[in-house]
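Naming follows writing order (A, B, C and D), and every chain is counted from residue 1.
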Amino acid sequence: MSTSFYIGALELATGAVLVCAVMTLWRRQVRTIVTMLRLQGVALACVAGVLAWHEHDLGLAITALLVLAVKGVLVPWLLRRVIRRDPRSRETAPLINVPASLVSAAFLIVVSYVVTSKLTALAPSAATRLVPIGVATVLVGYFMLVTRRRAVSQIVGLLLVDNGIALVTFLLTAGVPLIVELGSTLDVLLVVVVLQVLVVNTGARHGSFDLDEMRELHD
Amino acid sequence: MSTSRYRRGSILRSLFSKARTEPAAAMPDIVPGIGLRGSLQLRHVDVGSCNGCEIEIASAFAPTYDASRFGARLVASPRHADGVLVTGVVTRNMAGALERTLDALPQPSVVVACGDCAVNGGIFREAYGVEATLDSFVNVDVRIPGCPPHPEAITQALRSLTGR
Amino acid sequence: MTDIGSSLGYGFIASLTQVVLVAIGGPLLMGLMAKVRTRAEGRVGAPIYQPLRDLRKLMAKEGLRARYSSVVLAAAPLVVLGSTTLAVAISPLVTTHPLLSASSDLFVIVYLLLTGSITMALAGLDTGTAFGGMGSSRAITIGALAEPALLVAVIALSIQARTSNLPTIVADTITHPVWTSTPTRLLALVALVIVVIAETGRLPVDNPNTHLELTMIHEAMTLEYAGSDLGLITLGAAMRLGLLFTLLVNLFVPWGVATGSSVLGLLAAVVFLVLKTSLLAVVVSLIEVHSAKLRLFRVPELLAGGFVLAVLAVITELVTR
Amino acid sequence: MVLFMAGLGCCVLGVVAATVISLERRVIVVTLVGSVGCLLTFTAASQVLVSGRAESFHSSLVLPLAGINLTLDPLGALFVAMTSFVGVATLVYCVGYARGELRSRSALSLLLVFLMSLLVVPAASSVVTLLFFWELMALSSMLLIMVEQRRRVETRVAAQWYGAMTQLGAASILLGLLLLSTKGGQTFGDIRSHVAALSPTLRSFAFVLTLIGFASKAGAVPFHVWLPKAHPEAPSPVSALMSSAMVAMGVYGIVRVGNDLLGGGTLWWWIIVVALGVVSALFGALHAVTSVDLKRLLAYSTIDILGLVLIGVGCSGALAASGHPRTAHLALIGALLLVVSHAAFKGCLFLGVGAIERATGSRSLDHLGGLIRRIPITTALFVVGALSIVAVPAFSGFTSEWLLLQGLLHGFVGKSSPTLIMLLVGVVALALTGGLTAVAFVKVIGIGFLGQARSTAAASAHEVPRTMQIGMGILCIPCVVLGVAPGIVIPLLNRAIQTGHSSSVSRPVETGIGLSLVHLRGTIEPMLLLAGFVVIVAVIAGANSIRRRPARKVEAWRGGGDRPTARMQYTATSYAEPLQRVFADVLRPEIDVEVTHAVESHYYEQSLSYESRVGDAIERLAYQPAIRAVTRVGLAARRIQNGSVHRYLAFGFIALLIILVVLA
């Protein structure tokens, strides 16, 4: 497999991950957002796959398949079920309006580029040069966690952060040991399931997924 | 999700399927003196109609009759139009508006009277608040009788102007 | 480019070809998009060459001048059509050596189009009617918000190609086919598609065939025009559409554009261009069929998205260099 | 140099003439003498620019202690030439414009003093000379703002703000330059030779201090608050001089100190400059879009354009610091060309607003309209300026912004990420302001000059005196010439940027029929573009006139309703409302809607009043609290002195004792 093709494919897949992250901020329909999340999972799996192919690393290949199965298929499916349970979480209710959050996303991306430029300079390679994109994904995910109201979008934000971290680890270490990746992925899965149960039950009891309204549950 | 996928498929299919429209009727005789050659924009003016004609006009441009395939179109401004499509009998309140609309037409222009009210006053001719019949304002080029006229008649009349 | 005289002659022929092509092709593109829409709605619809018929008729009709209107109203159609035509003549649509190809700079093209929109906005205000002002205000607002996305996307392309000269960018892209699949290009492509949809007043930003003044943007500025003036403006709008679509296609799928200086290559390029552009038109109008018009104050969200994608394009270029 | 001194002499002569000559011939004589002086300085400056050889002059007589040192080097000469060009136009304009207070002895002499100090500042080559004439410039302009203070009280407020800001700025410049001249010698030559010996921290201190002063003169946010107050209140010729020449002196100062005296400097200096530029560009552009008062709008657009210039200067400095001299000079040339063309079009626009005020008695867009039919010549000249600032191709604004963009664009080849980020931010700011500036000036032309008159005054406007039109016309010439044939000035700019960069740089821009970058791929030929446009329009018009019928005059169409009235038009406020709503988070407009319902039913409205004000957020949030604090301190201080002589003597006595104790 020629290096130029390898680099091109890697850049495309990585770029796709970040674009999906931005899209989740841009679109209002939660259904579309979940679709974006699925695409991001697929892109992440592609990154792992390309790296695996380039490094001839079987463990990484298995990880890629795992990522595809969990983040590309399973998690989105679970999220869809949450949405289907509750018609009112069809639209995200952003605390910061969409243009503002998009502009701040751009700002976050610039920031991530600045902070990681030193780090990438240490070991410049095709993969490490793309680390800023992974960091940017993490930051965008955090931003979503902070500024979105509905519980579902909170889950999405969390998953964005997780994907970003996974991307960074792939790019920096060209694949963590299989068992670690396995653990982290299943961990995320667990979190999603728990959150889903929580969301659905609170929804059933209080007929609301709005975290602001959940604040009243503390006593 | 599934429903939307179905819609998308149907649209793509419709692009290549043959259109579901009535076969075009025989060419009517073209109104002499107006060479619009397959392009006719009309500004619709309702000077006091019961909205029966409006419904029929709407269906004349709807998929079933689809007058637009003969080059006819309704437009927003008389400046863009080749004529007015008048419905209803001329009431006092709309007389001024009608005159201004006619003045705003670039020449050459046509006047189409759609429905009995516009053609000869119809059942409202003697009614209170009616200024006059359309003929006393302007000489009408095309008359579409009927209360309301059948979409086919409207389409026929438009084709007599576009000549397609 | 052996001998100046011949190259000049070739450039002239090429530019003339481009102008004629776009002047006829622009209206046909509009007809094609309308056709796709009507077929999708289950109608036959007007023939694809209907816009040309309308133009022929409009040119024969008299123009009207509103009271209180000034020279601006009369001159606007000429300026709009003229600036668009100049942009068409110098930009690399069928060949990379049109007339003035040295100064067919991306920023020149962008600002020529901006000049056209500014003139249109002034014409809308000239008659002193409420509708004209409304259309002008909305159009200029959307233009002002689309401008940054457009410029930044353009700059992303220029950074990649190390120049902002359009023919050079197209020629280099043909020699470096890898560029077309870099994330920079793809992000810039998405951003530019959004901008082009906004600039040409298509759905979901503006509804080109609305009859209700209150929902109009571009149409509201032309409400005062009649006859041949309206014809010029409609032709200008159609050519703008054609130019933007063809540029979009050539920047991202440049193959088929004539790089040599043979007339035969020119003809082949014309055929290629027609095919590529009509394909794009069909795709765009399918998108249109699927989308409802946005509220005026949701449009900034769309354009902000385009802007961020453009910034992303620049940053990925910086990262992946 | 003789010519230059002679020109200054003419200005002094003008001051004398203003005080002695009787009223009826005063204006004409003074303006005549002044313009002769400006022409002389212009020729002197252009000689220097063409030859590239600096000329200097020293006299210990004029100023006590230090004497004055003047050196006319290409960089200074560029600004001198610019100022004298604007000066001529302004003085010619004054012949027709001057009325009432402006014809008084004091006003006319002050005008010439202001002009002279503007001419000397860029030529000053020693700290004392620079500061002296800088102060002279500040004071004379401050007094000129107050010329109409008898009629309009708000001029006093504006003058207060302006005075405070400019004095603070001058103080920080003084400090900075003093720091530089600590190593002996206060002439610029000495500073250049000694600057290497200074410690980096000291140099940075000096740069930041001078930067604050010069940036506040250049109207950079957050030091801009004086500008939108002072420019509107001054008489139009003065605001034209202030906005086109005096504001540029800020840029001159930054370039002189940063590039020349300190010879480049480090990256982070220029990062500050770019940051200032970006903020001012966006802030100015947004406020220009929403303002209704014409002069206020122009003032904010000055902040906008100067912000772009600062972006150019800063990026050029950063590129030079990170080792890309060619692109650095490209950006700098773009910035300087933008300064020059800004002087032309902004001067033209301010004079134009003066003409509008003379013709209609109003400055508010919401009272204007339809002027194109009443005052066609003024309108045409104003439109030339507007097209130039909107950067329509083949006008000066476009050429300069193109050069600036090319400089930033080709800077991206570098690798140092801070520079790249700055370039990115600068480019984004340029892109954002481009569209907003277009909106602002489409609004001005469309609302102000087109449509129907919104007031009887506008409906009965009369064309202004010929001399005022000539004054505007003179400034329109560079707007067009720099746009169509920029090749004329580029060599001069090439020379101007040589100063400071000890290593003589290769010219970054070639000039043929158009401009083309050296060793970089980028060309424009505005002349050919213009020719092509003219040909195309001619062809279209010809083809169109063959078949067209004569156009008929009719009523404007408004949906069948009767004749449109002026009240139905869009106003400046409503025109910008969508953008104001989009950027509401930044602009913080204060909107109050007041509805009085009919007595019969709550559902009918008797009257509805809508008011929306866009104040200066920075002034409200940053300056007002500071002012309040200062006032409190002042009140506290008042308690100490109650007017009793004994207490004052006691103060003196205590002070004496303390001194003795300290000395002992």
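Going forward, a contact is a pair of C-beta atoms (placed from the backbone, for glycine too) under 8 Å apart; a residue touches a chain by one contact, two chains touch by 3 or more.
Nothing here was measured: the structure is a model prediction, and the numbers come from that model.
A.B. asks: Applying the contact rule given earlier, which two chains have the most C-beta pairs between them?
C.D. replies: The largest set of C-beta contacts joins the chains C-D.
A.B. asks: If every chain is reduced to the average of its C-alpha atoms, which one ends up farthest from subunit B?
C.D. replies: The chain lying farthest from subunit B is D.
A.B. asks: Could you name the chain whose CA centroid falls nearest to the centroid of all protein CA atoms?
C.D. replies: C
A.B. asks: At what distance in angstrom does the C-alpha mean of subunit D lie from that of subunit A?
C.D. replies: 48
A.B. asks: Provide the C-alpha centroid distance between subunit C and subunit D, rounded to the nearest whole angstrom.
C.D. replies: Distance between chain centres, rounded to whole Å: 36 Å.
A.B. asks: With chain centres taken as the means of their Cα atoms, state the distance from subunit B to subunit C in Å.
C.D. replies: 33
A.B. asks: Please output the residue numbers of subunit D that touch at least 2 other chains, ranges allowed.
C.D. replies: Expected reply: 417, 424, 549, 552, 554-555, 557, 582.
A.B. asks: When you check subunit C against every other chain, which residues touch at least two of them?
C.D. replies: 61-64, 213, 223-224, 227, 300, 311, 315, 318
A.B. asks: Indicate the residues of subunit A shared as contacts by at least two other chains.
C.D. replies: Counting only residues that touch two or more other chains, subunit A contributes 99, 110, 113.
A.B. asks: So which chains end up touching which?
C.D. replies: Touching chain pairs, listed by label, are A-C, A-D, B-C, B-D, C-D.
A.B. asks: Applying the document's contact rule, which stretches of subunit D touch subunit B when the two form their complex?
C.D. replies: For this pair, the touching residues of subunit D are 549, 552, 554-555, 557, 560-562.
A.B. asks: Sort out for me which residues of subunit C touch subunit D in the complex.
C.D. replies: Residues 59-72, 74, 78-79, 81-83, 85-86, 89-90, 99-100, 102-103, 105, 107-108, 111-112, 114-115, 118, 121-122, 124-131, 133-134, 136-138, 140-141, 143-148, 150-152, 155, 158-159, 162-165, 168, 213, 223-224, 227-229, 232, 296-297, 300, 311, 314-315, 318.
A.B. asks: Sort out for me which residues of subunit B touch subunit D in the complex.
C.D. replies: Where subunit B meets subunit D, its residues are 45, 77-79, 96-98, 100-101, 103-104, 106-107.
A.B. asks: Can you list the residues on subunit C that touch subunit A in the complex?
C.D. replies: Those in contact with subunit A are residues 178, 181-183, 186-187, 300-301, 304-305, 307-309, 311-312, 315-316, 318-320.
A.B. asks: Can you list the subunit D residues touching subunit A in their complex?
C.D. replies: These residues of subunit D touch subunit A: 417-418, 421, 424-425, 582, 585.
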